[in-house]
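Same chain, two partners: chain A is paired with chain B first, then with chain C.
So, the complex of A and B:
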């Protein structure tokens, strides 16, 4: 009797422990699932849009960059091709930028400068580098694949009236920490659609680096539940610099061919 | 009043009118603020203040105005302390999905104190028509070849003005050539075929020695023997970008031919260029190479008044050391076929002209080697840029250096300052010869 009751007791204890560490609800997805859904929710097959990026320094001086973009998701469903044409300000007007993303390697990038009349292959950037002087890094534009970071659900809470999961993500390795420049990210992910509402970033030394707020989103494809952030506000706490990125004229219906992502279109100044 | 004096007065008048227009435009923001006596209007959102009228966007109107100061000209003359003004408007109208066009003009007075420095020039004026896989461009245009940086052996189609005073002269010295260009696209490949019916030569900082009169045969009469033809196959995409190119036409650079002891004619002779280039990234290092063999009308190298055939190649690497620091280094070599020493000629006129020809065409030595470098740093969210640009020619230890700083005060206003330094131990080298063009510069530019 004694010999059989002990294993049963241990088994009960183990099941109990497992229940203790499991999510509060059986329907509650794991942190990884949430981040995976967050990753795919913006993977739109193709899209055209206009954007305005307003850069504000700590003295309140503003600079405005207007662009027109064409995006195409590659067959692997992860990487994209993007063509960006700068419309304003005047000294960069007509500049074309083409990026072919490779989630498992360096991206291919080309730039066309109207003054030089040349298409130039660019050296791959560090993921932590700033995109055109903004507070958004190249690593923020191409969201890293899920297992780049280790994710933990901290809690659930309402933010501005929207139910969110609060998820902490830490780099999976020291190299990733160095490449992306973040020691930790804390994201508020909307429970209704898996779009982020706010992200706090800590630098590699653990100091507050920047905060991104996503106040406006839109469902651009109801059939596949794809969403896009219409507005992103990023504030760098260490420099006082901020970036406001607003998207307009989103079009996911117009067909986008591979030929958009070629030197032929890159060289067209308008 | 003599005809010459009237011309000078007219040029001066035009120059002054231009200066006044530019001065008013430059001062416009200040005038607009000063002329508002009424109550302050409600604040306009930043976005609306910066938006341009729709018709401006439809016509693609834009351009810039710049005021500058150079401590010396780039014409190998005695001009010093040159205040200048330039307006460079452009239009890029779009005609629907089938075509568009571009017109860009430079109106400049490089020295407001000299009435002869006023110039107006059409830089580009062309139309594009798009048919299926073919784009056709006709008119005055800049056709730029070569993937190396600044030193481009295959870039033999479009002339440059090397006397231009501009902080962005690398971008702005091209003056366009009349051409019909057809590009055929297939996947990552582009096949370009080009016809250049009217020759337009490069402008060089040439001035005759005392007592020597220089004249230039620009060969821009459209005669078929002065026309050019070119073709290029380009592949951009994937891991390696590359191209193969060919040009048959006149050389943009002239050679001097003495027709008397006091007269030298600058002639442009026919060349053939066979070229290739590539660009590839290795990790976070960008590697570029470019090479050309140029066949001339003097394959045996016997004629001091014709350029010798040569091979010219460049190999370079660029790397972002940090987010705000880019370093670009290149090495080049020129191999002159059947080289002849220009100092061998006994006749002083022949020798002097032969030496000048080899200096400007960089054929002074049988094998010439050198390096170029560009270190660029940015700060304050890329509003401040500091750059050191240099070329060092090993054979004769001659060099060009340009340390410069640029700051974007706003999206519209940008300031530049720097120094162009030319030097060398020997006058018989390209940069040593240009030593007189060493100058400090400062520029304020408004883009509209």
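So, the complex of A and C:
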């Protein structure tokens, strides 16, 4: 458009454009920006927490697991080290799990079984495999870097009173599709803090696979705008299985040393 | 009253006919809703412990609607890219079939087939074949992995590697549309893969039941053959086109009404009830013959069609209504039975017969008075004596001359032969046994059964006292002992599987695949921790078919190469005390599976628990297939005719000889016609090639012969000997009623 000195006309045009295609207004971040912010918003330097994972199968039977975990972000700002100690049920108490993530390769994983008194290495899993029998995959725990998927903003809408961008993400390659097991992800990202509110997953054949909702979040570090989900619910539409993950006693203040993340520490059973 | 009603019908015949046609069109349009669905559970004794256990196992662990696809390599083993690619494509195809339980699909290419392997540092759980190996080295690696996981040998790959299977399970919930759609989709998938390099076989309960549905659907064709036979008999009976046509119209309309109503009520037709239209047709035709015969007699006197319609119907109507109501009520009373098949049969037959009665009282008189009157020679011909008269005369002479030895001797001999025959028929009750030996079901079963562990299932359900009971090392050790016992003692047991196999494999892997550690863990904690460990590598559903979610119950699957109920009974008898000794107190072990259910059926039959008819549904199975479906049906069909014989009898007080001759020459002849129509109509089922239908056809034919003989020989003979007051006395109710209905005999 030719430069014009008619500010009123420009203003009308802008308002019109804003009404017609609100998300495309000048200040609107791109889909990639949103996902990138979403990716980093949970990258907390270090954290201790307790969690309760309730698994429910399609017949309503439940398995409840309580754990305590320690997280430490690596200098690259992407990968983490996670040490999980199982507290309940009693017959797995003391079982330890250590994961050192490598976003560009296979993660290192060890497990310590108190009944065997041995640390054993677990050979890396597929990203699409289930994490301890839950509906959350390893690929969901360590989210793939932004450009693994191609993102587009579908629309903006309010979900349960919160303004969200609705973003569709499709795998950037057939290999990624196969590795992660998703044909498409549709995420509702909160405009206020970039935390996801809901994600619909389609399987590689395009069938609805599962839905994750994140109803409760907390800002753990106001200075760096880091957030954490206190509650995640995942329902698998194909198996009828569901997972409820609740976090408590979050502590991002207490310093976390590298010594937590050793096989020797795993053997301490506590 | 009735005369006024029939007169009314005849006057407004056009309206009546149009209404009947409109109703038929309406019901006809509803036939499209009919579905043929077979549920094997409909015929099983639901109260039997084997059946209860099977239902529970299938509810918790799956396995109700199994399909087994066998892929046999024609040269070498299945470990070659071309064959493996086929297995992968078939697996992918099966996973896309609507209603498949995706986590229960297992094959070399399935995600569920995991290679659990120990390494120096730990354990690795990986899908056996994520992509099809291409190089000899990759193929060797796959082969090694498969044979290192014994749980898969003889279940998804045969020991010699020549055959592999793809096993799938399907949901049977509310969207279930029968087994034929499943089979059709499987066929579409495997037909694309058929070539010289492989032979393919289909097995499993879903496929067998799909065939059952297909056989049942063939009944439509047999129905028309049956119709042709009945038409032939009718033509012989009346020797006129009209005489053939009218009963056939009644019969077909009754069937349309009955089927339409079933479609409207959304009641699925099962294997048994696929034959029911033939019964309805035969019964309706039989009723119609009775009235028509009477019409001809009246027309012979009156020479006015409408008057003859009114006269005949108002005289015979009450008997037809009474007999029809008895039949309808009797069949409806079957709805009290706990077996679905019998309930459906009751409703279906009752609606069919009710339709026939309604049509006889509306459409047929209207139609009869509408079409041209019979030609003179038709009525004359009807009176001509034929071979049937010679038969009835012969019987009459035997009774009149009091040759009881010959009569009762012959009847006793017949009954003895039938009892012997029934005894032979009852023995076989396996589903597969119903298919003939050259059927695809049986020819596919042979290589599958030989190549793999066996296609006949026996399950042991282990229920612990509380959650996590299965993690108890004593329970797992008992499971292992039972498996070893089964496999070592019985050659016919080709394969067993349970959670114990996986626990041993994990233990071995966690000890760097040390063969000495191929054993069960010693503590409950280690079992629990192994299971948690596995969940970090495997999929949540991997053990769903072996242990329930809170580890309270588990199942041992055993596969047998025989479907002989004698063998299975022997195994069960031996297993019971053995199992009881293995498990710690508080554990309940039940036996189930296809084989056990067959044994249950057998047990119920052989031990003669027939006394407990209301409780044991298996006996209902026998009663339904052997008695209700044949003798009772036969009896009900012949009730009006027997009444007619009885009524004719009473006419000539005391004059036994004369009464007998007359009764047999008139009503007795009609009895033979109807018995022939129903018996021959049903006998066509003997040629279906499906055992259950063959037996049914045979039984109904025999039952009709027996009922017919009872009505025309036994009943008159007994009457002549006993001379009961109700038949011979003056104030006898039946005689009076019969006379009131105009059933007096004609010379």
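The working rule: the second predicted complex is superposed on the first by the 247 of 270 C-alpha atoms of A that agree within 3 Å, B and C clash if a C-alpha of one lies under 4 Å from a C-alpha of the other, contacts with A are read in each partner's own complex, and residues count from 1 in each chain.
The definition used in the following text is that contacts are C-beta pairs under 8 Å (C-beta built on N, C-alpha and C of every residue); 3 or more make two chains touch, one makes a residue touch a chain.
Every value quoted in this text rests on a predicted model; they were computed, and no experiment measured them.
Enquirer: Sharing chain A, do chain B and chain C clash or fit in the superposition?
Expert: In the arrangement built by aligning on chain A, the partners chain C and chain B clash.
Enquirer: According to the stated criteria, A:88 is in contact with first (chain B), second (chain C), both, or neither; which is it?
Expert: first
Enquirer: Considering only touches as defined above, state whether A:264 meets chain B (first), chain C (second), both or neither.
Expert: Once the two structures are laid over each other on A, A:264 reaches chain B alone.
Enquirer: Considering only touches as defined above, state whether A:106 meets chain B (first), chain C (second), both or neither.
Expert: The answer is first: A:106 touches chain B but not chain C.
Enquirer: For A:97, decide between first (touching chain B), second (touching chain C), both and neither.
Expert: Only chain C is touched by A:97; chain B is not.
Enquirer: Tell me the contact category for A:134 with respect to chain B and chain C: first, second, both or neither.
Expert: both
Enquirer: Scan A:143 for contacts with chain B and chain C and give back first, second, both or neither.
Expert: Neither: A:143 stays clear of chain B and chain C.
Enquirer: Where does A:59 make contact in the superposed view: on chain B (first), on chain C (second), on both, or on neither?
Expert: The answer is second: A:59 touches chain C but not chain B.
Enquirer: Considering only touches as defined above, state whether A:211 meets chain B (first), chain C (second), both or neither.
Expert: Neither chain B nor chain C is touched by A:211.
Enquirer: Could you say whether A:74 touches chain B, chain C, both of them, or neither, answering first, second, both or neither?
Expert: In the superposition, A:74 contacts neither chain B nor chain C.
Enquirer: Taking the options 146-154, 236-244, 254-262 or 362-370, which segment of chain B carries the C-alpha atoms that clash with chain C in the overlay?
Expert: The listed stretch with clashing C-alpha atoms is 146-154.
Enquirer: Could you tell me which stretches of chain A are touched by chain B in one complex and by chain C in the other?
Expert: The overlap between the chain B and chain C interfaces on chain A comprises residues 55, 57, 61-63, 89, 91, 110, 113, 115-116, 118, 120-123, 125-126, 129-130, 132-134, 241.
Enquirer: Hey, which residues of chain A end up touching chain B in the complex?
Expert: Touching chain B from chain A are residues 52, 54-55, 57, 61-64, 88-91, 93-94, 100, 106, 108, 110, 113, 115-126, 128-130, 132-134, 241, 259, 262-264, 268-270.
Enquirer: With touch defined as at the start, can you tell me which chain A residues reach chain C in the complex?
Expert: 55, 57, 59, 61-63, 86, 89, 91-92, 95, 97, 109-111, 113-116, 118, 120-123, 125-126, 129-135, 205, 238-239, 241
Enquirer: For chain B, which residues count as touching chain A in their complex?
Expert: Per the touch definition, chain B meets chain A at residues 46-47, 50, 52, 60, 62-64, 92, 94, 100, 102, 135, 142-144, 147, 168, 170-172, 174, 183, 185, 188, 190, 234, 236-239, 241, 279-281, 283-286, 318-320, 323, 326, 380-383, 408, 410-412, 414, 447-448.
Enquirer: If we count contacts the way the header does, which residues on chain C are in touch with chain A in the complex?
Expert: 60, 96, 102-103, 119, 121-127, 468, 471, 510, 521, 523-530, 532-533, 535-541, 548-550
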